[in-house]
Structure formats: structure tokens, C-alpha cells
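Note that the chains take the letters A, B and C in the order they are written out, and that residue 1 is the start of every chain.
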Amino acid sequence: MLITKEERMFRIIAYILLICGVVITLIPFIYMISASFKSQIYTFEYPPRLIPRDPTLENYIKALGKDLFGRNFLNSLFVATATTISTIFISSLMAYAFSRMRFPGKEVFFYILLLGMMIPPVMLIIPQFVIAKNLHLLDSLWGLIVVYVSITLSMQTFLLRSFFETIPRELEEAVLVDGGNRWVIFRKIILPLSKPGLAVVAIFTFLYAWDEFPWAHVAIKEASRRTLPVAIALFQSQYLTQWGLLFAATTVASIPVIIVFVIFQRYFIQGLITSGLK
Amino acid sequence: MKVKNKILDKSFLKKILSSKGAYLLLLPGMGLFFTFILFPLIYSLRMSFYKWNIVDIAASKFVGFSNYVRVINDPIFIRAALNTIVYALITVPGQILFALIVAILVDQKIKGRTFFRVAYYIPVISSWVIVTFLFEYLFGSQAGLVNFILKDILHLVDNKIVWLANPILVMIPLNLLGIWKGVGWSAVILLAALQNIPPDLYEAAVIDGAGIWHKITKITLPLLRPTLVFLVVVLTIGGFNVYISGLLMTKGGNPLNLSHFILTLMYKKTFTYLDFGYGSAISYLLTAFIFMVSVIQIKLLRRKVEY
Amino acid sequence: MVIMLIISITFIFGCKKEVTEEVTEETQAVEEVTEEEETTVEEVTVTYWHTMGDAEEVALNKVIEIFEEQYPNIKIETTRMAYDDFKPALLTGIAGGVVPDTARLDIIWVPELAEMGALVALDEEMEGFDEIIANTYPGPTSTNFWKGHYYGLPQNTCTQILVWNKQMFEEAGLSGPPETIDEFVEDAAVLSNPDEEIYGYAMGGTYFWAPASIFYAMGGEVTDSGITTATGYINGEKSVAAYQVLVDMYRDGSLSPLLLGGGGMGVFEGLATGKYAMIIEGPWAQSILNSDYPDFEVNFALVPRGPDVTTSSVVGGENVVIFEGSQNKDEAMVWAKFLLSEESQLTMGEAGVMPTLSTVQGNERLPEYYDVFMEQLKTAKARVPHPKWAEMDNAINNAYQYMLRDEKTVQQALDDAAEEISGLIIEE
């Protein structure tokens, strides 16, 4: 493919803009990582220094060394993964129904689901707690997963439905004409073509479940079953916040989400390749 | 009458039966949704009509609409609503605009695409608590980078600006934070949507002699329309639900209760002042408002896309 | 596909962990049952929620060890909650009927939870209650009192006193910390140099806790002792005088603008780096200054006396309460009482948590710097123990802001606050 002069110029400009944008975007984060290598005394020095004066690993050692940190980390990993898988499964079923099927009450159900997206989660904590208690879902990681899936379902279904809508119906009609049934359509056409959409759902659901705090704090009291955000919150006590530890722990906590993102964002390209195949 | 007749109508019954596949697909999701979202929503609605007592629910006093009336007449609420609406009006276009630029740029065949995608996504994965604190620090009057730049480097101001103590100025770091944190999220979605645009369209345009600008405005944007609509709706919802950043940065609407958002006010009323019914009323008003706005947005912006 | 495999493995791995955990728990339960059958004593678990920091938690575990030795049939199960989210979590728990047996709460919350009916009235239910409070400081104890009953025991307390930078004083030619409010104002003026952002006095905010020490030292009152009205109290002569002193100091440039917010230099940082000559803070000042600024010499002094020759300060701290929803009230009371034993108070005291038991004052196990604080505690006053205190605090906070921003005079601002607070009281 020939690259025109215009395109080359555009690419160079794009590159410059993107780099500038990255710098702006990442400054707070870079500062945080830098502060995680500083001892408490230097956290608030003025003028602010990006490169630590006396870099130290003590924050990381202390934070990761806290008993149960590893356990909390694994708890979060388990919950986030299970939530993501369950959500992908359930919401793709629903999204397919909303996108491709006609049934009485479709509009009603859809708008009710939409409503779920608009509700501020903080508003529902108290009633959700009452219900969770009655269903014996408290103090258990599985309970957490059930609630998380419920909460994020609206958004992910809405997202997937949007993606399904962009897949041309002619493909399915072709399959139907050839004698295939809906299940075949789902497996052979919809799923592969909506890989980008599914990837997005995976990323966002994992992120949500990984970072969630208010519900996790209230629902799980047993220290060994707690998730990471709660464990990190405990680096702050009433009079003292151990910023170095907090930043170090947060940096470590960010790694799995970044990994998930890196893994799944690849599917955008894959989607490009497959969608070219008519 | 009509509904009753409808239900008894045989063909309607037939429709339901033949749709059982659809209902089956919906069952697990809707089941969870009803249990953990819808039912609590109704519970919450009930709470809003009472002076709710969480210890002895039966002792709650029924007050009808008086919680709602109090909310609407509260000048603090009105100010909070204003702050929230302004926040949405600024952050939604802000996020979409920057996300669009980023997505289109990153989608070009540039080296290091993965790096850029990850880099722009980092604010999204950071916890609100941490980034709020970081922005507080950046805009702090003592050691803040922003003041440092404005005063000592650019010499635009003589004195350090006390951003966070001013009820209007504090909105600036809050809004910037909202945009900064959300760009990556929208960019990810737009990037995925860009993948679904068949490259032949672009090739055809190039053959027709179209330049980059033409390609973007005549092909990319129109085909991104469903996604853009989605983003507008979802980001608006998110914007109205702004909460943690406000809670931490304004520490409960300080100064003088002028810097509240609707949800931070709800939090204060519910968990600090223990007025559960009132807090529920606030959330309901917010939810109803968001619902209306979203429906309007969807109906207005939605149109079938033709190739 | 590989990714799906990895995910599934983690999934199963995580599942297994849960299952193994449950199995271990079951085995333990079986073991416990066998033990029980042997000793035929019912074992009760008392749950205790708290927001202690690391050092305190270590001390708490020591206390639990001693307790469980003395009372082998009672096991204490603690849950540490995140401080910022403690109240919402507690309230959600109450709403859902999931309450701990006991908890250590901020003293401010006791009246509102009591009003709700969530707490047990200990003066009625607890044996030996009167004997215990006979030995606790009156200020902290009073924070448990609401509508004729006591709903908690003062577990630990704190108050605020003057922390002063000796070096700055010496350089300014001052011999020692101020002992009266007038000296305080004079010294602060001498020590200030606003152009260089040096201030004689700094406080962290405008919420009532910040000026409370000086407010009480000058004889200010928020309400009458029966808590029936605020009119004539929060806007009474002495209250107005107290706030006037502070506003004047602000105008003169001897009070740092930090209190208006905006992320100025923190009080500890300022004190230790020679930017603030005096601050009024609690016992945590010692550990914070020692850890962050090890070279700084920490000096405490009593809050300067007001014109009526009284010193005073504000009382803070935590109370231990028992919840109405508890299934093990008797055992919970045993635990609560133990927390007020000398042994427990001293052990916790060593970790930086000040005791409420007056009988341990001066005990050699306690850090030396406690002496000044405990001396101050004798005259420190509690804030209004009323369910609507949070809103009252807000009203006073706003008043202070209006004064400092010159939007209202001190009298006006406090008059408005008085009206608002009185209104809140009447609503009951």
C-alpha cells in the first residue's frame, strides 16, 4: 500500500500529539510511582521532585509483606476473574436476545435494564445488604461475585448489544437460508465478530470487580477473605496515612488490570482481521 | 382494557410461547437484576417516603412526599444540582472529544500502538481515591505543581491560587479530573468500534481521491455514530453520578456547602446526618432525572446508519 | 484460547482455595466440638469492630490474649474497618441486622446511635457500671450520656494541647509558651512574618474541633448543659470573644490561612520546618512528628488560660459500645469491662492510645508525654453529645467560614448558627 505524503505528515503529527497526551495523562501516575519509592519524609517536598532523592524499596517490602496482602490479592483475582467470565456469559445471552430477537415486552425489559445503569450504586447499598444477608451471601467471595455481576450486567449488556447491532444481519440470514439454527449463528458468527466487544466487556468488568470498594468493605468482614481495595484502604488510619505504602500497594494492585488490558486489547486487531472476511 | 384483551388474545399467547427462547436467554441475567437492582430500587423508593428508622423499621414514620419537598426547596441541593449539571456538560464533551482524537490517532499504523493504548488507559484503572488525592496534591496551594507552574515558571499569577478552598475554583480540578480519568475508557470503546469499519470503505475513498480529513468526517464519524450515541448516554449518566472525587476533594461540600454534587450531598445526608429517607429521596430525584435525560438523548440521537 | 485456559485455571485454583478453606474450618469446628464436649463449657465468640492503626492493633491483640486467658470460654473476634468508610459500613450493617457485639466508636456517634435504639443502655444492664465510671475522667464519660442513660464506656480518649516550636520562641526572644490567651495572641504576633509565610499559630480547618480548645479555654459554650437551646450560648459573650480572638489573629496575619482549606502546608510539617510556631493538636502529634521529623524537638504545654483563669480543651476519643442486636450481651459486657481494666488501659496506653481511667495517670508504663495531656483532661470539655451534632458542627463550621471571609461579623455569624442549632435541638 502506498503511503501518501499527506498520510506520512499526518502520522508524524499524530505521533507528536500522542506523546504529549501521554505525558499529560501519566504525570499523576508517574508521580505516584515516584512517591512510592520515597520515604515518608519526602512525600510532600517542595518543589516537587519527580526523581526520588533517596530511592528506597522499603515501601514495597512493607506493603507486600503485610500479612494477608498476598491472600487479599488472590481473593481479588479470583473474584474479578469469576465475575468477568460470568458477566460475559450472561450479558452476551441477553444482548443477543435484545439485538436479534423479537418478543413481547422487549422494550420494557430493555428500559428497565437501562435504568440499572443510571442508578448510583451508593443508593442501593443498604437494601442490597439486607437482601444479601437473607440469601446468605455475606462474608463470602461467591456472594461478592453474584452481586458484582448483578450490578455490572446492565452496562455490559447495553455495550454488547451495541456491538451486536453493528454486525450485519445478512450474514445470519445466509446461515438460516443454509439451514443453520440460532445456536450456530451465535457460535460461528456473532461471537467471533464481536470479539472486540467481548474484549471491552472483559476489560471493564474485570476493572470494576477488581477495584470495587464500598460493597466489599461492608459485605466481607473476615480479614482473610477481604479483597485488595479494602486491604489497601487499611493503610490509612484516622490520624496517619502511610502514603509511601499506599502508593506502593496501589502500584502493585494496578499490575493485573494492566495485564488484562494488554491481553484483551489485542482482540481489537483480531476483530479487524475477521471482519474483513465476508 | 386493552392490555387485558391483549393478554387473552390467542395470537399474543402464541407470541409469548414462541419467544420462550428469548426469555430463556434473559432469565439468568434478569433474575440477578431483579434481585439485586430492581428490588433494592423499590425498597429505596419506599424508604424515601418515610423518616426511616434502620434499627426498628416498623417504627419508621410515614411522611409522604415531604422528603421530596424538602429536597427541592433546599438551596444546598439546588447548588449541588447546578454543580452536577455543569460537571456533566463539561466532562462529557471533553471526554468524547479527546477520546476521539486519541482513538483515531492510535488507530493509524503507528509504532508502539500497544504502548499508547495502555498509557491512555492507566487513569481508568486507577482508583478514584488515589487520583483524587493526586489531583488535590497537584492543585494544592502549598506544594502543588499547578501553582508552581503558574507562578514560578509561567509567571501568570503573583500569588499561589488557593484552588480547593474556593467553591467555584475547586470545580476546575474536579472537572479536569473527570475528563482525565474518562478519556481512556471512551478511547478503548471507540478503538473497538473503529475496528468494525470495513477498510474497503477507506480504500474506495482513497481511490476517489479523498484526503484524511474527508475520510474522518465522511466515513469514520458517521459510522461511529451508534458508538458515539452510546458514549454520550453512558458518560452523561456517569457525569451525573460523580461522587468520590467530590467527596474527598471538597470534604463534604466545603466551604459553606457550596461545592456539593448531588451524590456527595446524598452521602452526607444519609451517612453523616442519618436522614435515610431524605437521602433516598435525593437519589430518586437524581435517578429520575438521569432516566429522563437518557431517554431523550437516545430518542434524539438515534438514527439508523446507512452505508 | 490460551487466555481462556489461563483464566479457567485461575478460576479453578481460586475455587479450590475456597474449598480448602472451608474444609479446614470444618475440621477446626469438629475439633472445637470435641474439645467442648470434654470441658462442657460453652464457648462464646464476641465480635469487636474497630478502626485502630497498626501499632494499636498489636497492643489490642496483647489485650485479647490476656483476656482470653482470664476468660477461657470467651473468644474475641476482631474486625478492623477502614476509617473513612466505617460509619456507612456500620449503618449498613445495622440496617441489615448484621451488627457486631461490640465496637469502638468515635464518641460523637454514640448519641445518634443511641437515639436510634441501636445501643444497649449500659447503666441499666451492666453490673458494676457505676463503679467503673467513678474512676474515669468526667469529660470522656459524659460523651456516652444521652436522655438519662449511658450508652457506652469511654475506652480511650484524647485532648488537644499546645505544641510549640522552642527554637522559634528562643529566636524571637520569648522565654516559654504562653500561659494566658492574651500572651498567646501577643506571642503569635511576634512570631509571625506573613510575607515569608511564617505564622505564630496554625489550625487545620474550620470544623469545630480545630478552634474548640481555645473556645472552651475562653469559657465558650455551644449549648446549655441540659441541651435545650444554643441561643445565648454559642452566640453568648464568651463564645463570641473566643472566635473574635481567632478572627483578629487571622486578620493580623498571625493565624495561617491554612484553615480555609486549599492544601496549604500541613500543621505538623509547618511546625517542624519553622513555618508555624504553635499548633494545637492531640497525642498523635508525638508519633507523627517523631516518625516524619526525627530531628524536631517536641514540646507540649497546656492550652493557654482564658480571662476567667481556667484552662480547658476539647475532648475526643472513642467509646466502646454494645449493640442491641447482639446475641451475646453478657459476654460482650465482660469484654467491654475488661477494656476498662487497668491492665488493658495500660497496654493500649503504651501503644499511643490514651487511657480514660484516672487511676493510671502517672503510671510509669505510660509514655512521659501523656502527663500533660492527662493534666489537661481534668478540665477538658466534651462537645455536645446530641444526635444532631454533625449538623451542628456544620453550622458552626459555616459560621467560622463566614467570619473569616468577612461576609458576616462574628456576632452575626454566631447568631445565625445559634438559630440553626436551636432549631435542630427542638426538632427532637
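What we mean here is this: a contact is a pair of C-beta atoms (placed from the backbone, for glycine too) under 8 Å apart; a residue touches a chain by one contact, two chains touch by 3 or more.
Remember, it's a predicted structure, so these values are computed and weren't measured experimentally.
Trainee: By mean C-alpha position, what chain is farthest away from chain B?
Mentor: C
Trainee: Which two chains meet at the most C-beta pairs?
Mentor: Chains joined by the most C-beta contact pairs: A-B.
Trainee: Can you compute the centre-to-centre distance for chain B and chain C, using the mean CA position of each chain? Integer Å is fine.
Mentor: From the centre of chain B to the centre of chain C is 36 Å.
Trainee: Counting in whole Å, what is the centre-to-centre distance of chain A and chain B, each centre being its mean C-alpha position?
Mentor: Once rounded, the distance between the two centres reads 16 Å.
Trainee: Find every residue in chain A that makes contact with two or more other chains and list them.
Mentor: Answer for chain A, listing residues that touch two or more other chains: 44, 126, 130, 132, 213, 233.
Trainee: Could you list the positions in chain C whose residues touch two or more of the other chains?
Mentor: In chain C, residues 88, 91, 95 touch at least two other chains, as defined above.
Trainee: For chain B, write out the residues touching at least two other chains, lowest number first.
Mentor: Within chain B, the residues that touch at least two other chains are 54, 137, 142-143, 267, 276.
Trainee: Could you pull out which chain A residues touch chain C in their complex?
Mentor: The touching residues are 40-41, 44, 74, 77-78, 81-82, 84-85, 125-126, 129-130, 132-133, 138, 141-142, 213-214, 217-218, 221-224, 230, 233-234, 236-240, 263-264.
Trainee: Going by the contact rule set out above, which residues of chain C touch chain A in the complex?
Mentor: Residues 3, 7, 10-11, 13-15, 17-18, 21, 49, 51-54, 79-85, 88-89, 91-93, 95-98, 266, 269, 282, 284, 287-288, 291-293.
Trainee: Spell out the residues on chain C that touch chain B in their complex, using ranges where they run on.
Mentor: Chain C reaches chain B through residues 87-88, 91, 94-95, 112, 116-118, 206, 257, 260-265, 324, 387-388, 390-391, 394, 397-398, 401-402.
Trainee: Given the complex with chain B, which residues does chain A contribute to the contact?
Mentor: Per the touch definition, chain A meets chain B at residues 6-7, 10-11, 14-15, 17-18, 21-22, 25-29, 31-32, 44-48, 90-91, 93-94, 96-97, 101-104, 106, 109, 111-120, 122-124, 126-128, 130-132, 135, 146-147, 149-151, 153-155, 157-159, 162-163, 165-166, 182, 196-197, 199-200, 203-204, 207, 211, 213, 229, 232-233, 246-247, 250, 254, 257-258, 261-262, 265, 268-269, 271-272, 275-276.
Trainee: Considering only the defined contacts, which chain B positions touch chain A in the complex?
Mentor: Interface residues on chain B, with respect to chain A: 12, 15-16, 19, 21-23, 25-26, 28-30, 32-33, 35-41, 43-44, 47, 54, 98, 101-102, 105-106, 108-110, 114, 116-127, 129-131, 134-135, 137-138, 142-143, 145, 148, 152, 180, 183-185, 188-189, 191-193, 195-196, 198-199, 211-212, 226-227, 230, 234, 237, 241, 243, 263, 266-267, 276, 279-280, 283, 286-287, 290-291, 294-295.
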